[in-house]
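First subunit A sits with subunit B, and in the next complex the same chain sits with subunit C.
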Partner chain A sequence: MEHVKCECGHVNPIGTVLCESCGKPFEENAPALLDMRYEGSARRSQTYNKTIIDKVWNFFSSVKVGVWLIVITLIASAIGTIYPQEMYIPPTVTPAEYYEEQYGWLGKWYYQLGFHDLYGSWWYMLLIALIGVSLVICSLDRVVPLYRALKKQGVTRNEQFLRRQRLFSSSHVDNYEALLPQIKEKLAKHRYHIREENGNILAEKGRFSRWGPYVNHIGLIIFLIGAMLRFVPGMYVDEVFWIREGETKEIPGTNGKYFLKNEKFIFQVYEKEKEKKVFQEAIDRVGSGMMAKNYQTNAVLYERVGPIIPGEKPKLKKVKSFSIRVNEPLKHDHYALYQVDFKLNELSKMSFHLIDKQTNKQFGTITVDLLQPKDEYDLGNGYRVQLLSYFPDFYFDEEGNPATKSKVPNNPAFVFKMITPDRPDGEVSFTAIRQTIEPLGDNKYKMAFAGMETRNVSALTVRRDFTLWILGLGGAIFMIGLIQGMYWNHRRIWIQRINGEVLVAAHTNKNWFGLKKELAKICEGTPLVMPVDQADKGR
Partner chain B sequence: MKTKRFWLRTAILALMVAAIGYTIYANFFTEKTSVKIGDEAPDFVLTDLNGNKHRLSDYRGKGVFLNFWGTWCKPCEKEMPYMNKQYEVYKKKGVEVLAVNVGESELSVKKFVERFGLTFPVVIDKQDQVMNAYDIGPLPTTFLIDKNGKIVDIITGTMTESMVQQYMERIQP
Partner chain C sequence: MAQLSSTLLYIAFVLYLVATFFFGGAIRDKKAKSGPDRWAMIGIAVTIAGFVAQLGYFVTRWIAAGHAPVSNLFEFTTFFGMMLVGAFIVIYFIYKTSLLGLFTLPIAILVIAYASMFPREISPLIPALQSDWLHIHVTTAAAGEAILAVSFAAGLIYLICVVDQSKASKRTFWLEVILFCLISTLGFVAATTAFRLADYEAKFEWIDKNNQQTEMVYHMPALVGPHEGKLKTEGRMEPLVDMPAIINARKLNTVIWSLFAGAILYGLLRLVLRKRIAAALQPLVKNINLDLVDEISYRSVAIGFPVFTLGALVFAMIWAQIAWTRFWGWDPKEVWALITWLFYAAFLHLRLSKGWHGERSAWLAVIGFAIIMFNLVAVNLVIAGLHSYAGS
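Here is the complex of A and B:
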């Protein structure tokens, strides 16, 4: 039993509900109104269920399964918004501890189940992938039979098919042959494609709208493939790096090929005196100097020449100078550098006077480079200052010892040893901002704060995305499919004379109201009875 | 007809399983970095505190225990003495330890080395170049490199002394 032969002579695949050609219902107890979904074609998944492959296939072929997958994904996405995602928690904390500390056992589970990094958790990705599989199989299983059924549909239909359409009427027409050209003309005026067979008419328009959902799905699948390609090395780069004014640094993600120099970082605000008069009121409202106007990094891009060995001092060739501003990235070789963050006035140098605490007499000044401090500063005349320890980001650790939180000079602290002619063994002083501790007893000398230098730091995002055009293409096809299915309807009108009666039946995949109005215009002024909506009868 | 359908479905399913499998694999079973286990360790040149240049490729034939660390990182501090102790043992067996500091001041690194009496070479990655090449995220991160220059394993997080010992055993030539 591979095929079902209809009385009209057409051979249908097994599982067909309505004959592909004449529309005769095969079910014994066909309903009063035919279910026109997929033209009553055999969804093959429903038919074969023998091997494991068939079973898997049939599982994914179910729209119900597809809808459930989407619902589960939606619920998971919603849960993912309850607590902050990993990227929004403070960068210094360990996520494993943070979620439990902040949100208790719920937070612990949230973290352990991967909700803290939802888009990166394996099961979420698997869900998306399963939706993709469902999309492919559902579409294939429907579009092929639908295409067959629409291509093979006959003009002359089975009487049962016509009578069980939602819009149907039967009329007595005395001179059908004379009426036919008039009807055809009217149909043609409404842009129907007309096929005629022995005086029977099939008028059809907008069939391509039926492919809309499948075109849409193709777009989605292309989009998913694009998203997948991001994981292929080299396709997608997304890095952030901090660069100080005056610093030249390798741009991460470029495999050591490009370097960047930050000449200057500029932060500007709207100030009352400097702007045009029209802006005065707006500036007054938020306050002068409160609203940011510009974030800008004056950068120089260099390319490394010669062999790339990380750590080796690079030979650099200037590529170009550029002012990177928000939404005005520096672009080169498919890379784009975007302004993303900044830090004003990071400490770069600190100066101290060596003074006698009693007399305040100065014996010289040292300037400590906070990124590369020296071990010893000679002031001459037997006065020397040694730097015993340096904590760029000072705090007291759990054991009460001075330590540093990072390598960034946010809160520098120093242990100085001051060697003077009258104290040849030296005096030790712990000097931090607004804090001096003399651990070995009272000192005669002191390192007095004398000044500091600061500079700005700029953060830039490095982007390179070779998947963007695929995502764009997928998105465009998605939209085309959507429009195709939304703004056009597939309408069909059958007119047929059977035993002296003229039967008119009509079907559309959506917008029955529009079809009814069209039918009314076609029937107007003819002996044809306007078809009745049989779906209303039951109510 | 039936077999054709079977093979068509099998082919489509296999294609999709392969695509999904790759995505999941690429995301969760490999390091999300450009440097992976089994790759050749990227070569680099860095200078130690005594001014000696260390080039990774010069260590071919020896196992290299490549440790990235910072003075502020408490777990790094904890494992340094273990590394120091095991280095004494495995040095004779052809295992080298290279500790790459992530661009701190020479002074801080020097004081740290003095404090813990570290005997293995400690180099400073002043321009983050080596960090970028190895795609270093959290500290400490240790790369186990065998005598052929291949990365055998990547360890993030603190190691106990017995772990350090086992790892050195693994890369002993």
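Here is the complex of A and C:
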């Protein structure tokens, strides 16, 4: 590597703008006020521009490019909020139809341009990735030379360096040696670290704040890596399952290890009489009983004991009982179970009397478990009822035949065969809620509705996310870096005697107002002239 | 307790108004400056008194409700106004500029007045909000936004000072747009209050986007009516035009009325002043140290950005993970918090590395505030998402 030797004797890397040690500007026509960003150190991006790698490096190390990436991401993100994203539209509709139906031709275009899944699109991901690359290269391009420059900075500075600082003054001091201890004491009172060399002073504080931006960029990179790990299989479980009251189910995503029993699902609303007086008005406005107060699943968590044997009922050991509520997930072994949805009063059992249509005489009652119906119900004395077909969620399909939409008993319908002593071949009856069809002619007997039982169903989300701690770490580092960089600043004051004049120069990376106030206090009561803000001269 | 709370808020509101006048007096007093500025001293004292009163409102309402009063649009916006005053007090003691008070306090007053146009009763919490993270997340986010808003006030002062009013330009136009928006907020408050005092109510039957017949009650005369709306209340104005079902016609109607009232107020001001509003304000700010105002604007962003990040992103993610099972779900409010964050990140990079100081920085501060307000107003009222203030 080539080097540049300064007149002070320090050897600088090529590309250096201000000598790392004494600050002498190397440029022929250095500006009246020195550009102190990155201490005038030799940045790779400003020095090399020959190979492809140089060009790529220079592209990503530019703050301008970084800001453009941020702005493009910002605009893209805003576009994604114009209409709801795909994940927020009703799950039963097809997106292609939904957007056009709801939002007209704009919605159609929105869908066709892929904005309905904007945040999952390849180009949005690419934008985020480019920001990540820019973060890394920007930081490396600056932090290494900056570190070198701050580490190697000398106490004695070149006169040009001092005169071209934004805050500068020169004073005539008769007895500089006597003044020095007083100045040093004042600087120390303001918590400056003081270095002295031949009567020249460098007072410095808050240098660590210079690392703030790089620390927060590291935090962001860790966060982005954490977000990327989400795509690695096994890092992340996200399942939803419905569980009925009284039911014990394997928890999906746990590979058969855990089971959950729903003992009871509770749904509560705010009722006017039961709540505090201050809430009355608010409850009145939305209506008593219209505002949800609590969604809760009283659950028992079980763990499987022994190996998984297909076809055999698992042996379970109770782990714990827990009331899962919104904001209070059940947590165990990195898994978390969240209350996300519910359905009240799902049909669970229906009962029917077998009656004679003419006399209304009853010959017994059957109760059909709507999830596990039996094929035949024996009522004794030669009376039997066979269940020929069962449609849990009944409708007539396009050809007019009975069919079922799902396995959930929302609208159960049955084809019964009633076998009685006087009708040994049986009579067939199609029985649904509020309707009976006798497909094979007039029957003597009928299945009359006798009652039903319902229960609540709870929906729970299962989550396990091994990336959370990485995201947390990244976030924490980001916050530390941000606070480090924003709430502290790096201030330096140089005091030097050159040719009988005492020069005072000062620099800070931000908050000049604070530095000026501090300098005023330091200069007060001494022969030193308060440094002038040379940036004001131009105006 | 709830009654006391409302009274305290009212007192705070009046005190902020009084303090604004004193800060106004401080500007005139500058010309004959000798010793400490009496007007400014009284101004800041009254501001602090107002802040304490509003803090009293906050605490008593918290006690009455049993939860932090940041659970609906009224409570959140009021709190935002309080934080804005708090941020101003802190910045005032660093920089001692009374002019900042003359601009920040009216913004806070507008914010609080705007807030009180929404339902004000103390409401119990829906399950998703029943968490300590409610006050941790919401208060920190509001504080961050308020500190960032101070940079808007400083930026506005800067622009009023530097934008050349001797001839019309893009800059004078946009500066007037900013002031018009502020005046329209006043227009919203005026129109809402006027029709509320008149007890205006018009009921409509209309067909919503799912083809269901529903009812909608207007509290302002309907310039735009709901989809296939039929006026049910006698003697009320028939809408000039019906809206399609996907547009919330009542909200749009309110926006139109606000802009209309704002335009009248703005027009009257222009008639009286016979020049641009910004031109009329310019003499007030002519003695200001521009570098200092620029510094205040930047400092507010530097202080507010970490607070905003912590409240609106970090705490938000933690709570979202607990309540909604995922720390990030691209809900519109989340996205707009991210947009705000990205914007201020760009602001800081432009300022630190590209040297965007002074006027450019001031325009950015204004845009930043516009984004924050968009998130507060439009995302709550127009783009309904998961965040519970939507629709209230």
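Worth pointing out:
Rule of thumb we're sticking to: the second predicted complex is superposed on the first by the 388 of 539 C-alpha atoms of A that agree within 3 Å, B and C clash if a C-alpha of one lies under 4 Å from a C-alpha of the other, contacts with A are read in each partner's own complex, and residues count from 1 in each chain.
In this text, a residue touches a chain if its C-beta (ideal position, glycine included) is under 8 Å from a C-beta of that chain, and two chains touch if they have at least 3 such contacts.
What you see is a predicted model; the values in this text were computed from it and never measured.
In the superposition on chain A, A:Arg37 makes contact with subunit C only, while subunit B stays out of contact range.
Legend: residue contacts after superposition of the two complexes on their common chain; A:Gly311 is shown touching subunit B, with no touch to subunit C.
In the superposition on chain A, A:Leu482 contacts subunit C only, with no contact to subunit B.
Touch criterion met: A:Ile53 reaches subunit B, while subunit C stays clear of it. Of the two partner chains, neither subunit B nor subunit C is touched by A:Gly226. Looking at the shared chain after the overlay, A:Gly206 reaches neither subunit B nor subunit C. Here subunit C touches subunit A in the complex through residues 1-2, 64-66, 95, 119, 121-124, 126-128, 130-131, 133, 209, 244, 246, 291-292, 295, 298-299, 302-303, 305-306, 309-310, 314, 317, 321-323, 325-327, 329-332, 335-336, 338-339, 342-343, 345-346, 349-350, 352-354, 379, 383, 385, going by the rule given at the top. Those residues of subunit A that touch subunit B in the shared complex are 2, 44, 48, 51, 53-54, 56-57, 120, 122, 125-126, 129, 132-133, 136-137, 140, 225, 228, 231-233, 241, 249-250, 252-253, 255-256, 309-312, 314, 371-375, 387-390, 392-393, 397, 403-407. Those residues of subunit B that touch subunit A in the complex are listed here as 1-2, 5-6, 9-10, 12-13, 16, 19-20, 22-24, 26-28, 34, 42-46, 55, 70-72, 74, 102-108, 110-111, 123, 125, 127-130, 132-133. Subunit A contributes residues 37, 63-64, 66-67, 70-71, 73-74, 77-78, 80-82, 85, 87-88, 102-104, 119, 238, 270, 275-276, 278-279, 281-283, 285, 291-295, 325-327, 329, 336, 338, 340, 461, 463, 468, 471, 475, 478-479, 482-483, 486-487, 510-513, 533, 535-536 to its touches with subunit C in the complex.
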